[in-house]
Every structure is written in C-alpha cells, then in structure tokens.
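Two complexes follow with chain A in common, the first pairing it with chain B and the second with chain C.
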Partner chain A sequence: MAESHAIEGSKLTRQFGGFFALKGVDLAVKRGEIRGLIGPNGAGKSTLIDVLSGRAEHRSGTVRMFGTDISAMTAQQRRHAGLARSFQRTNIFPDLTVIDQLDIASRAAEMPNIDEIMAELNLTALAFRRAANISYGDQRRLDLALALIGRPKILLLDEPAAGLSIGESLELAHILKDLAARWGVTVLLVEHDMEVVFSICDRITVLHLGAILAEGTPDQIRGVPEVVTAYLGSSV
Partner chain B sequence: MLVQILNGLVYGGLLYIVSVGLVLIFGLRRIVNFAHGSLFMLGAYVGFSVAAMGGFWGALLAAAIVLALVGALLDIAILQPLQREDPIVTVLVTFGLLLILEDFAQFVWGKDFLKSPVPTMFSGSVLIFGESFPVYRLVVIAVAALVALGLSVWLRLSKIGLYVRASSADPLTTAMQGVNTDRVSVIVVALGAALAGISGTISAPLLALSPSMGSYILIESFIVVVVGGLGSFAGAFIAAIVIGQVHNLGLVYVPWAATMIPFLLMVGVLIWRPTGIAGSHV
Partner chain C sequence: MTGIVTTDPIVSRAPPPRHALALASAIGAIACGALLAATIQSSLMMTLVTQAIITAILATGVGFLIRQNGVVSFGHAAFYGIACYTIALALKLGVMRVEFAILLALALPTALAFLLGLVIIRIPGVAFSMLTLAVGQAFYEFAMKARHVTGGEDGFSVSLPPAILGIPTAWFQNPHSMFVVSWSVLVLIIFGLALIAASPFGRLTVAIRENEERARFIGYRTTLPRVLVLTLSAFVTAIAGVLFTLYNTFVSPDVLHWTLSGSALIMAIIGGPRLIWGPALGAIIFFFTKDIAGDVTEHWQGIIGVILIVVMLVIPSGLGGTLAALWQRRFGHG
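== the complex of A and B ==
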C-alpha cells in the first residue's frame, strides 16, 4: 500500500462569483517535506492555504491529512488534529501580550511548549510586551511561534518573510528548516522571497491563475522556461 | 449642579451596563443585536415580578439568571445557526425578536405603565456637600462601577476573558488557534444578556416599566457603542459616562435640544475619529 501523504488536496476548486481562484488543483506533500508554493500575485496561493487549513470553504474536491479526509472538519478541528498555519498579516491581536497569544494557541496543543517555542524564536525577553509594541521582525517570529505551538504535524506558512530584510529572511528560513528537520514537521511554504524558497524547499509547486503550472525540485523549477518567463525572471 | 452630575452618572452607569453587553456580543459575533433592548426590558419586568416576593437582591439574582438563560438560548438557537449568513440577516432576525419580546411582555404584564418601588433598604436621601441625593441612585452608580471593575478584572485575568479579548480582535483566527469560540460565544451572549437584565432591574424604580422601554435605551446604547469604538470595553465606559452627562445636563439646560445632543455628539466623534474614542483597542 502506498504511503499516504501528510497533506493532500485533490481537485480543489474555489470560486468568487464568476472568478475561479482555484481550478481543480491537485497537491500532495510528503511527510517531512518542505514544499514551496510560488506564483505571481492572484495565483491562488493564499486561497489554497485557506482551503487546506479550513479557513475557507472549497466548492469541490477533497482535503486529506495522512490519508484521512478532513474536508468536513472546521479550522479549529484541523488545528487540534495537528494542522497549523500562519497568516500573511502580522499583529492580529495587537492588544495581547506575546505570552497571552502563545497561551491561546496552546489550547490546541496536547503538550503546550510555550517556553521552548519562545526560546527557539528568541521571544523570551518579549514575553510580557504587547504585540503592538514589538518590532515588525519580532511580530513575524511571533506569528511563526503561534503556528508552532504544540509541535504541529503540518505547518502552512503564508509569506512568513514578507517585509523582512534579507538578513532577517534568511535567519527565519534557517530557523524554519532546522525546526522542521528536528521536529519532523511537514511544511507548505508560500513565499515571494525566492532566496528563502530555493534555499530551504525540497520541492516547489508553481501556481498560476488558479492552476498548477509546474512542480519539481528547485533545480527542475529553475529549468522550466514558462516559470522563468512568467515569474522568476533572472532572480534565481 | 452636583446633583445633575450625579444624575448623569446614574444614567451613564445604566447605559454602560446595557451597552457593554452589546459590545461583548458585537466583539465576538460581529453583529448588532437589536434584541438587546428587549433583554433590558425583560430584566426590568422579571425584577419587578420577583421583587414583590424575593426582595431587591432576589430580583437582581433572578433577572440575571433568567436573562443569562435567554441569552444562551439566543446564541445557540439564533446567532450560531446564522453565523455564516450575511450580517443583515441576523440584524433583521434580532429586530424581529425585539418585536416578539415586546408583544410577549405586553401579553404577560399588560400595556399599562408599571412602577417599581425603591427598595426599602435604599430609601431616603443623603446630604452630599449640602445637597440632598437619593441613596438608591448612589447604589445604581456603585453597581455600575462594580460591573465595570468586575468585567475589567475578568477580561484581564481569566482564561475566558483572554479568549474573549482575542475573539473580539479576530474571531476566526482565534478559532484557528484552537479556541472553541462557539462555547465562548454562549458564555459571552449569556453574560451580555444577564447584564442587560441587571440593568433593567436596577433601573425599574427609576423608570416607568412598559413593553417598549427597551427601544429608547437601545438607541442610546448604540450611540455609546459607536462613540466608544465598536467592540471596545474601555471606550464604551468612557462614552457611557460622557453621554450620561450630556443627556442629563441637556435635559436641564437645553431641554429643547436634549434628545438631539447624543446624536450630535456621535456625529462629531465620528468626524473626529471614525473608529470611535478607543479605535480598535479592545
């Protein structure tokens, strides 16, 4: 029997009025893999993350987690099952302290590891600061920390390096790759910073106009002319 | 002047207890609960009926418990099933509920105005800087202050309070962190309804009871919520105190414009700060 994938979307379709944000997308990510999901703005990357995490409903298709159909599960149930995600925007709870936010996220965790996460992401000194009063880079790390509480099995990250400097982005990428390897987390990473994506991803999926344009290892993706023309240019 | 300011605090205190329930429900559900005024009215009638047998404290407890149950039912039977619908659907349904509850009150307690006596233990007046002021009105101010303090402590120090603050900022994301926001919602709507019930009961000796008494305070409570900043507890407190003063001083000094003043204040605040006094701060 073939090994089930950590997260798998089959024939996923999401429609806004007459516009199809996802057109029957098939995506399967192996256990322990770091998968990059790239594409131009409006390609459907965040929509796909929303559908996989249960934040948005899909019109048709199924979502499976380790072989089990989770399409009917709410976002909260998926979180309890070990599927965590981050968000494009930071500072979602600006009035709450760092530790209060991690406390909320730990509700879904069988083993709340707040101290461990704060240490891994250099947030310990900021524990009692309001999120609105910490730097943007720290807010980004807090966003990642919220998703990592309880050592999720699958992590969906929506542009975790957006707005960071080159140095901060690469540091975040290093932390992410290290944690994913040590904890055995499967990662689906949406990111516009190609240095981050090509440096840590095992495989990359390119989404364009709600459909998959290409899929392969970083080297294979670099060699797809349509991807280079439509999205990468000469940046990688 | 001192008496007018104290009377303003009495009205502001009542407005705060009603409007903070609206703030709680709006923060979590992102809907404007038009039935909230009728919860205040029901609290007044329940308190009126129980006070004859159980005294003031019995009435207060009964109103809080009955209205909390009504609130829990409202959330489970109406707000939760409608949470995926367009917010206007919920607004219309709660408006319909307001009319139904008014008819229900008319059926049970009649159309005529009823007057609840001031509890014996709080009858009489005290002298404050040489001015006489009814003890019961001071009790109303004290109850409002206790509610504000208790709510603030609960929101800051309890786990549920933390979830309420998070849900008020972003309910969907809070749910995605693993918090059962439906359960939090039942608690919050029950608490908001209980506060409306308490407010109705303590206001009964000050106001004439009628099935439509909830509509008037509902409008001023909406003004409090908008002026304070939608979903802000601290903003609602400040706005309720200010509107209580404006309302009362207006009645004394410019009675011909008294009903307009809260609306003018709201327009002024919205031009100055479109997100209200407290903005998006919970």
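== the complex of A and C ==
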C-alpha cells in the first residue's frame, strides 16, 4: 500500500479569466518534510498555498491530507484537521495584545501551548504589548506563532521572512527547522530568500508559470540549468 | 513528541480584569445618580437629563456594535421603536399584562436582530449600513401606513396600569425617580458590556473585527459571534425603547425613524465608540448642546454638526477616547 503523504495536491488547476495560475499541478509532501516552493513572481506559489489551505477554490483536482480528501473542507475545518498557514503580508490582530491573540488562537485549537510558543519565538517579553506597537520582525514572528498554536500537523508558510533583515531571516529559519524536527510537523515553505530555502529545506519544488519546472533536493535543484538560468542565477 | 508545555507558565494569562474595581465603580455611580436626583430640584432639568440617559442607552447599543463588529447601523431605531410599539400595542389590545409586554418588547427586537444578522452580517461596510437603513425605514413606513393599528403619523397614548411589578407607575413618569431608574440601568448595562468585552468572546469579536480572514484561519467560524454582537446591541437598544415608553407613555413613528439611529450614531462618534461608556457620554453632550443651542437658535443641528466635524478631524477617538488617553498618561492605566 502506498504511503499517504502529509499534504498532496493532484492535478490542481486555478484560472483567472483566461490566465491559468495553476496548470494541473501535482505536489506531494512527505510527513515531517520541509519542502521549499520557489519560483519567480507570478509562478503560482501563493496561489498553490491558497488552494491547499482552502483560501482559494480550484477549478479541478483534489487536495488530500494524510490520504483524506479535504477539497470540500472550509479553511476553518482544515485548521481543525491540523493544517495551519501564515500569510505573505503580515496577518495579525493589530488592536489586541500579543498574548490575547495567542489565547484566542489556543481556544480554537483547544491546546493551551501559548507559553511554549512565545518562548520558542522570543515573544514572551512582548506578551502584553499591542501587536500594532511591536516591530515588523516581531509581527512576522507573531504571525508565525498564530499558525503554530495547537501544534499543527502541516504548516504552509507564505514568505515568512519577507521584509526581515538577513539576521532575522536566518534566525527564523533555524527556529523553523528546529520546531519541524522536534514536533514532526510537515512544512511547505514559499520563500524568496534562497539562503533560507536552501539551508532548511529537505526538498525543493520550482514553479514556473503555474507548472512544476523541477523538483528535488537542494543539491539537485542547484544542478538544473533551467532553474539556474530562469530563477536562481548565481544566488546559491 | 506529543507533550504539551502547560506547567510553570512563563506568562500564564493576561492580568485579570479588575472586576471588583469595576463593580465598586458601578455601585458608586448608581449611588451618585441617586444623590444627583435628590440634589437637583428642577423637574425641567431632570426631564432633560432623564431623556438624555434613555437615549444614552440607545447610543450605547449602537456604539457596542461599532466597537465589537466595526460596522455602523442606521437601523437601530427599528429595534428601539419595535420595543416601544410592542408595549403600546399589547396594552392597547389588552392581550397581556404589562410585565409580559415588557418581556416581549425586549424579546422581539432581539430575536429580529438575530435573524436579520444571520442574513446581513456578512455584508461589509457601507452596504451593511444601507441594509440596516432600509430595514429600519420599512418598519417606519409600516407604522405610518397601518393607521388602524398604530395610529399612523399621530401615534397614540399608552395606557399603563397603576403598578408595574408592584412599583407604582407614577414612579416611571416622575423625572426624578425615572432618572434614578434609567441611570441605574445604564450603569448596569455599561458594566455588563464591559465584562462581555473583556471576556474571551469579547476579545474574539474584536479579533474578527480586526482581521476576519485570520480569525477563520486560526479555526473560528466568524459569522455567529458577529450576529451575537448585533443581537446584544439590539437588546440594549430595546431596553432604551422600554424605558422611553414607560416614561413618555406615547408612541409615534418618530421612534422608528432613521434620524433617531443617525442621532445615536452621532452621539457614539462624539463620545468615542471604542469605549463602552463613550457613546453615553456623547449622548449627554448631545442633549445639553441641543438644549443650550436650541435656546439661541433654531438651527441647533448646525452646531451639533460643527462639533461632529471637529471631533472627527481633531480627536477621532472621541471625547471619551481623549479623556481616557489623558487618564492613561496621568495615571498609567486605563
């Protein structure tokens, strides 16, 4: 019997008018794997994350989570099933304190691991600050913390390091790598910072114009001429 | 690894809300109200203040919807007016005791708000406001047209029995005693709403107001909490309608007109809708400005308009918000 993947998209197609953002994409991520999803702007990375998380509908294809078809589930139902995500733009609750919004998230997840998450993401000292009043880097970590509350089984991260300094990006990458290993969480990571992607991902999928251009380990991806020419250049 | 860190919390929870302090403040405020009623001899002044307090309850309902859901209603007069007409018609038709009529007057607008909310709460911004306006005006038009039932534009007097719940009805028509009743109800409503706002439910609705999509992605259904806020807001508004009817013993379609909703909205903005007590402050300012300016000019609405513009441009958090900020700056807590 074939091993069921943590998250699997089959023949996923999403269309905006005459433009195909996803053209029958097949993606399967193994349990506990950190998968990088890279490609130029407009490749369909965020669209794929949106379809997998239930934010966007797909025209055809199926989404499976541990072998179960979740295509018809709402975003809220997928979250309860263990699928969490963060967003490309910081997506928090600005008017609430850090601890209040984590408390709200933990009540939905029915798992009170607020202190654990704040400690992991260095948010403890900011617990009683309004989210609107903390730095951008702290807001990005809070965004990630909201996704991590309840220890999801699968984490879809849409550019978590966007706007962070090099040091902050690498720190975030190490936190992610460490948490994924300790919690056994499966991560699908969309990121433009190639240093982050190539340092923590087990495998990388390259999207181009809504289709998969290449897939493999970081070393294999470095060796694909089309990827190097079209996207990576000399960055890795 | 499945163990969850729950022992020895670094930060166990937010500081506990100062419930005891709030309760003591509420009791103190009620006592001050009674003292004020005993001090002011002028019935004219007490009439004005009592009407201001009843309208402050209406504004508190409107403001709570803005605070928790971030939407503006131009139809709250419907909930207020339905409460008024329910008591008036129940007593006119003689179908039930006044106590039951009061309960029905609270239940009907609340139930209507819940059912209406299930349909319209997902509609954002201006469209939501326009829908509430349309619904409110539909009830107004009905009251105008159904003359055989409502008395049309002329309205009709409400015949109250000599006592309500064993309390002489005259108490509810005396401005001094009615002020104490209305003020006490307002204080208890503000206290109750403050508790709700500080509860997990209150924080969740603020989270949904701030970022509904994110609330869904952390696992919440976002419709029902917003509907419940609208329902609660309508319930508070219905209480104001009941008090108005007991005090004035007269109803007309004016209690359903959108201008009443608009005035309540202006009060909320002037006082500061982000504070539970802000709209009530706005209502008191509104009434006294209207009274003072009305003695000088018949165009008192223009003066209210200027105040509204100044508040929106200079202190968008409202007078209450400004006072709260000054308090926080001075004493370090809100």
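In this text, the second predicted complex is superposed on the first by the 231 of 236 C-alpha atoms of A that agree within 3 Å, B and C clash if a C-alpha of one lies under 4 Å from a C-alpha of the other, contacts with A are read in each partner's own complex, and residues count from 1 in each chain.
By definition in this document, contacts are C-beta pairs under 8 Å (C-beta built on N, C-alpha and C of every residue); 3 or more make two chains touch, one makes a residue touch a chain.
Keep in mind it's a predicted model, so treat the numbers as computed, not measured.
Placing chain B and chain C on a common chain A by superposition gives a clash between them.
Of the two partner chains placed around the shared chain by superposition, chain C is the only one that A:T124 touches, whereas chain B remains out of contact. Once the two complexes are overlaid on the shared chain, A:P112 sits against chain C while remaining clear of chain B.
Looking at the shared chain after the overlay, A:R151 reaches chain C, while chain B stays out of its contact range. For chain A, the partner that touches more of its residues is C, with chain B and chain C as the two candidates.
When both complexes are overlaid on chain A, the residue A:F20 reaches neither chain B nor chain C. By the touch criterion stated above, A:Q76 is placed in contact with chain B and with chain C alike. In the superposed pair of complexes, A:D100 makes contact with chain B and with chain C alike.
When the two complexes are laid over each other on chain A, chain A has residues 53, 55, 74-76, 79-80, 85, 87, 92-96, 100-101, 103-105, 107-109, 146 in contact with both chain B and chain C. The touching residues of chain A, when paired with chain C in their complex, are 53, 55, 74-76, 79-80, 84-85, 87, 91-97, 99-101, 103-105, 107-109, 111-116, 118-119, 124, 127-128, 146, 149-151, 182-184. The touching residues of chain B, when paired with chain A in their complex, are 162-163, 165-166, 169-170, 172-181, 280-282.
In the complex of the two chains, the chain A residues touching chain B come out as 53-55, 74-76, 79-80, 85, 87, 92-96, 100-101, 103-109, 146.
By the touch rule above, chain C contacts chain A in their complex via residues 1, 4-6, 9-15, 200, 203-204, 206-207, 209-211, 213-221.
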